[in-house]
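The first chain written gets the first letter, and so on, giving A, B, C and D; residue counts start at 1 in each chain.
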């Protein structure tokens, strides 16, 4: 059994880790920390876990995480970089669900996240945890930078096209939409029910932290300079993410060949579902599951390819992806404990 | 492996059965019928099942259900009564999720459901599938009448009080609220998003079919005449049911004794969670799971006891309960395949 | 033109006052205060008011409210009682949308609101602003205690029955449901979209501040001792309130006579709509309007009368009612500026 | 008083016309037709109109619409073209909220709408009712083709840029999102609450009827060939539309000049609100009002301009726009009866 610790268990990615790990056949939940909720049984905060998770929150100082085999950080940015070195030194693997190790360039990180990076020496070692594109590296990793939710959809949608050199890399557009849980479990007026319900808006259009992360990753797959316009929006739903990707084809390629390209690329990936050409994937078809589904469109048979990508932002976009990484790091099949079927309706 | 057939798989209780049974370790999905969708792969209608359920719908005439070990009817009222006799005669067990066998009195059934009962000779044999109150009978049953969603909450809430003769049986009130999926997957204006969202209303206040079902069952647990006022309401949420039950105490009993009464009654029932006295159970704490949670309140320490009961109307209120019955009928632990943790948030 | 000041304009009742008063033909918006937002144009916080309200928020110390004819307090409890005496002394009328003057008994107020009442000498003078039951008193009032949202529905539903001595006053039940805006525009986890959406729960079942307010008012209409059980619930919708009231009839009265009783009682009240017997009023039929609609039911023709009452909690339940009071206090027709038709769908 | 008839009053654009016209100071509602609901009081179907609209539906054969001054068609495509000639001949003005007269090219219409155009002789005369771009023509029109909801947002967003020749006309992208009421009040499974709630999806990506309408209109404003990719999506909200427009700048222009261009263009248009550069307009800021709000963004100060446009799809996107046209046709100020402030929250 893998002994698992979770740092920061009171947010949505934390409780989602608990939901997944509580039924994972190879995991023993060992510790969960919260500075504010020391001593509170987890199930008192999240009644959905009554009878299923018997742990209580521990203050960070009251628990020895070095007894874990792996520690997940479901914390705000900045926490993992402070604690990772000691854990790694003690032989504990680390999976950070925040951004501390996602961006290799320290300066870029500091520009976008407005905090100093206190642990730059680990940036090179950290493996970007997008399983479908980094599977082998993840198997041998000690430290995982779990991808952002939006970047997961953008990369899995653009990757086969970049790799095959089929598109203009300088005019990529991602028009993305996220459910409100992506904003986290923080007391803020903007995400109150009475503000976010029955409403739709864009945010961060002039610049969002997921742009540099995604651009840098996309650049790894092509020699051409990548330029991406990314427009996030807030959807009045709890879970779900939909990215509508626009890529201009630079060569004359048949739709069947595009479809075949994607199907071949993801043939070995249990959690990427390439739907039939012209499909309209719905976010709810992934609700609560680790699946990402995508479909290709070519409006008017012109040179603009539209790729529709959906996932549950808390599962494949966060905690499910993290567990998928853990599975690989411990030699398990990557689907272990992640076979939940989406909740529909 | 239990060979399972589903009659009428295009509604919400049908797709919920598929979600649960597709991961049930002892079940082999064998057939699923739909008169209208003959030949259509199930996953084309419900993309959440892509890669997980490979069956296609079959027209009823194209499939031999007698090869199944058990057949679930997720159909409108009237279908199961027509097909059950032949199936039972062939040694197939039958679980009806509709109302055909819920009401023992043929005349009462016909008055409320406005159709003739074509199979009254099975009414006596049919076992009412409320596991917590009928466990032993269900184990030996051939034919199960799966309870209505509302009646499940009302019975499990009132039962310990009736059994202990603590309340005035003539003034029971159930003020119940259901998510919209309870209305089924039918094209109707009243349950369109634009009609049901951002709205709340009561319906059927002057008379609802679940009143006679519940009254008759409650009467089984007491010698005193039962009189119930039941008021259902429609909540703008997909899944979830909340019953607020009002019972007038007839004896002077301490709150701790009331709490102990409920805890003792349901101590052996894995799917009934008696929360601490004064708790406010939320429907989302059961979303997608087979749990029913309840809590007791005594406003102003008067003689009115308020019992709050929540469940997922499609799981414990329908398909999960049906699978729970199936487990017992086939000698399995009743929790087999039903350990999904509620999806929160 | 009536010169109007608003104290505390950043909450939902404040912005709702602005929406109503900005188009009121006899009102000149003169000042709106906010300690935190001094100098911020109101329309920057509420873009719905762009081009329609050109005021900026003023810190309380930067504005002389004694130049107003009337001041509305859309503040937390405790603010109006501190400022009302000086305003009244200066000849300014005061309408408090909070609870400071709703409860005549200082001790009861202090028990439920946990703050000392600093202005008990005004409790007797304050007029309870439920127009339909207090119209004449309101016309002459200097100081209005605007009713709570729940109490409005309970009183207008029970009043004709109490007055006619038709019901058992000791077993009143109000099972009430409110949209989330009733919780106000405060940064709190419990009312985040991701917490409150797709969910339903009761709250405050063991005791809610609206119980003593309502009980005291109901007691004014009958000699018999009133006993009320009130159970509030939270509905995943922004606006709207639905009270399901249960009253036990003590005399044998025909349904037509009950209906006639209500119709006669509210014949002169433009904002109370007595729907046909057996109707199911929907909250959305009042969304954004000052209407309260109600309908009577008698399940199984027994002795339990069920009264369904709906309103928009921010309009008839708060700001609309306050404007209705203002109209009367200034000699206007009570419907002036309040003729908005509900937004449906 | 303008005598108004409405053909097809049972859908959402019909009831929205009623909401607006019932309080319009210069309008007398004269007739409203519905083939199926002959004799039913309008307020029985839409309780929000109780006490405000006393008309009953009339079967088309039972009412003489030639006595009206203007007739609105809130009908499916194909109805207005059949009835318009006779009405126009009788001197009645006609405003069609459907698509019958939106597309000047009969063949294009028939290709996209799959019905023969029975009245092509009126296509030239019909005036496209987008007030801000066609104001003078509308004043003299007898027959108005009210624009589609999506096309309104796309045209008002792209127009100033096309007119000023600032963008590449061959790579326009409109990523649009609509509330569910845009799908109408029809009994369909796809727009049930349980299907559309807590979900997000694109639809019609390969081709939508609003593409040819918009392309043809945009082409009127430029000599360069227009090429548009339009991607509509369904948002789980009742009302509201958000278009995210992408236009590639072809000249080096400062952001302030772009902002000034838009502000100048719409300075005389009361219902177009050009928000400050970099704003994020929310759909709810237009809920129930006739306002369209837009804002410009330039991510990374590159050559891609992003224009965010919001409106209420049933008001500025349909019925409000139609009333705005009517006002001009009858010599009224275009804002008459359209001053409702958006309902927020």
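Everything below uses one rule, namely that a contact is a pair of C-beta atoms (placed from the backbone, for glycine too) under 8 Å apart; a residue touches a chain by one contact, two chains touch by 3 or more.
Please read all numbers here as calculations on a predicted model, not as lab measurements.
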Query: Comparing each of B-D, A-B or A-D with B-C, which pair has over half of its contact pairs in common by residue number?
result: A-D
Statement: Note: of the two pairs C-D and A-D, more contacts are counted for A-D
Message: From the mean C-alpha coordinate of subunit C to that of subunit D, what's the distance rounded to whole Å?
response: 36
Task: State, to the nearest whole Å, the distance from the C-alpha centre of subunit A to the C-alpha centre of subunit C.
output: 45
- prompt: How many Å are there between the centre of subunit A and the centre of subunit D, using C-alpha atoms for each centre?
  reply: 39
Field: Two or more partner chains touched - positions in subunit A
entry: 12, 179, 181, 185, 194-195, 197-198, 236-239, 281-282, 284, 287, 345
Query: In the complex formed with subunit A, which residues of subunit D make contact?
result: 171, 173, 175, 177, 179, 194-195, 197-203, 205-207, 211, 227, 229-231, 233, 235-240, 242, 244, 246, 248, 278, 280-284, 287, 297-300, 302, 304, 306, 308, 310, 345
- line: In the complex, the residues of subunit A that touch subunit B are 12, 15, 19, 22-23, 46-52, 181, 185, 197-198, 238-239, 270, 273, 275, 281-282, 284-289, 291, 293, 314, 339-345
Field: Interfacial residue positions of subunit B with respect to subunit D in the complex
entry: 12, 179-181, 183, 185-189, 191-198, 236-238
